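The structures come next, written out as structure tokens.
Two complexes, one shared chain (chain A), two partners (chain B, chain C).
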Partner chain A sequence: MKTYVRPMTAWWWRRNPFYRWYMVREASCVFITAYALELLVGLARLAQGRAAFEAWRESLASPGAVVFHVVTLAFVAYHAWTWFNVMPKTLPFVRLGGRRVPDRMIVVTAIGSAVAASIAVFLAVWWYRP
Partner chain B sequence: MKRSNKPIFWSLFGGGGMLSALVGPALVFITGIAVPMGFLLPRETMSYERMLAFAQNGFGKAAALAVIALFLFHGCHRMYHCLHDFGIHVGPGLKALFHGFAIAGAVAAACLLTAVGFP
Partner chain C sequence: MKTIAIECLRYNPETDAAPRYQTYDVPFTDDMSLLQGLQHVKDHIDGSLTFRWSCRMAICGSCGKMVNGVPALSCQTFLRDYHPGKVRVEPLNHFPIVRDLAIDQSDFLNKLESVKPWLIPAEAKTVAQGTHLQTPEQLDDYYQYSQCINCLLCYAACPQYGLNPAFTGPAALALLHRYNADSRDGGKRERMEVVNAEDGVWGCTLVGYCSEVCPKGVDPARAVNQNKIESTKDYFLRFLMPGGKVT
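Moving on to the complex of A and B:
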């Protein structure tokens, strides 16, 4: 059986701001994948030895790499923002003392945890800096 | 009835989404901006000796594998679902391609973490 498929352009999301922000969120996956691949290449260079790793480290300091990371940072931060804002919908109902935890409380707690985790990671690296 | 593999891939997507939401911005800032530019952290924070010691350490191996594998599963899964938004009708081939890419990356990370050795 052949069903009717309504024609749709690939640019349907451009006119409505809600859809545009949806696409920005979805685009974050490209940057998260690229960042994971970059770390994977770094790991491969590390396994190859000192010279290869130093060349990789040098490439991270190039202007293009820094710009890439600033853009990636913005996309990952937006992904985190949306991720925590939909948490009341993606989590099963959270109950505390027989009452449902309000949506706002879940979002605030989650964003607070992310800020705390980020500060903890940075302080750990800073503490063990050379 | 054949069991669906959807819960596995959605869990890996969720794990990667949660990990990247919690510490993703901090990791990108540290490894991509602060250390390479010597801003707030010295450039030698990611020297060969220190990164080798990190990759040989048990905690370091677990952290590196979790970040690389889960970020890849998250990103590839979302890209796969994005194809629909651009009018590409997905089938088993594309599903295998995107999820297979993430699996290959995770396996490569595990092999490399073994290859760098142990303390």
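Moving on to the complex of A and C:
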């Protein structure tokens, strides 16, 4: 039987907003990796001594680094948001008192806990700042 | 009566090297579905237009099409929602086109067969021994997945299937899970080979669009991702189990 197979280009994701947001989620890993590498560099600088570490810390205050951190924060937040939203799909059905816990409840609890934990960490760091 | 432009992808394997588009102006009323619009074209304008349909009420799963780029059942899509714009109708994405809007489903049918979509009783029971009983909670474990009508909208929504047609895909894996999650079934061991395969659940990157487009409220993305856990357990637990067998 003769059939026609439509080719799929590298731009397949542009045609549908659902796919575009999926690609934003996937692209967020680039920024997350970059940030992880930055922390790793910081660790290496710390091992080299106080002067090296302070120089690394100062480099983080440059306008370019600040812009990078703001953009990365936005990507990390979106990344976390998307994965918390699909979290129920990765869990077996959760039942409490014989009733299934609604997916929405799981998502809200997870995001709520993450926000509360982030605020707690922020406050702790703020409290003990030098 | 209002009219709407329905733009159809046309492909005749006997004369065409590649598909083309043809637009028909179709008179419609507010209660008319896209399927009825296509039937109007076939009955009154162009009898050569080819498309699949049967039940007209979202039960049979044969009339799935790409409607303005979104996978949908044409019987469940209303022309009024697109007027005064036009509707572009194409065969379901990621499948080979046989003719016009009809796709070749044989790849899916082979995959469906590979997941053994039937109950494999853990132990055979005679009629005298009675029926297999099930609690409402046990029914709830798989009921949603059993609503699949094999319409293939989820495959048209899945870019991973488009990029790698060897991927077992959403509906077949959802039906695999429908039987594995059934308390009466004992065939999990036989199906794990499909789950664990390179083109099994690990071909999924959780785009999640399959579950969005499903017209029956099945959640294939959930079935696939539940089985990533099963596959991981299956892989690691074999080191702990005597004889290396799990389940």
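The rule is simple: the second predicted complex is superposed on the first by the 123 of 130 C-alpha atoms of A that agree within 3 Å, B and C clash if a C-alpha of one lies under 4 Å from a C-alpha of the other, contacts with A are read in each partner's own complex, and residues count from 1 in each chain.
By definition in this document, contacts are C-beta pairs under 8 Å (C-beta built on N, C-alpha and C of every residue); 3 or more make two chains touch, one makes a residue touch a chain.
Predicted, not measured: the structure shown is a model, and the values here were computed from it.
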{"item": "Per-residue touch tally on chain A - higher for chain B or for chain C", "value": "B"}
{"item": "First (chain B), second (chain C), both or neither touched by A:Val125", "value": "first"}
{"item": "Which superposed partner A:Trp13 touches (first chain B, second chain C, both, neither)", "value": "both"}
{"item": "Touching partner for A:Thr3 - first (chain B), second (chain C), both, neither", "value": "second"}
{"item": "Partner chain(s) touched by A:Arg100 [first = chain B, second = chain C, both, neither]", "value": "second"}
{"item": "First, second, both or neither for A:Pro92, with chain B first and chain C second", "value": "second"}
{"item": "Partner chain(s) touched by A:Ala44 [first = chain B, second = chain C, both, neither]", "value": "first"}
{"item": "Touching both chain C and chain B, counted on chain A across the two superposed complexes", "value": "8, 13, 26, 90"}
{"item": "Residues of chain A that touch chain B when the two form their complex", "value": "8-10, 13, 23, 26, 28-30, 32-33, 35-37, 39-40, 42-44, 46-47, 50, 53-54, 57, 60-61, 65-66, 68-70, 72-73, 76-77, 79-80, 83-84, 90, 113-114, 117-119, 121-122, 125-126, 129-130"}
{"item": "Interfacial residue positions of chain B with respect to chain A in the complex", "value": "14, 16-18, 20-33, 35-37, 40-48, 50-52, 55, 64, 67-68, 71-72, 74-79, 82, 85-87, 105, 108-109, 112-113, 115-116"}
{"item": "In the complex with chain C, residue positions of chain A that touch it", "value": "1-6, 8, 12-13, 15-16, 18-19, 22, 26, 86, 88-93, 95, 98, 100"}
{"item": "Residue numbers on chain C that touch chain A, as the complex places them", "value": "11, 13, 16, 18-19, 69-70, 93-94, 96-98, 104, 137, 140-141, 159, 162-163, 205-209, 211-212, 219, 221-222, 225-226, 228-229"}
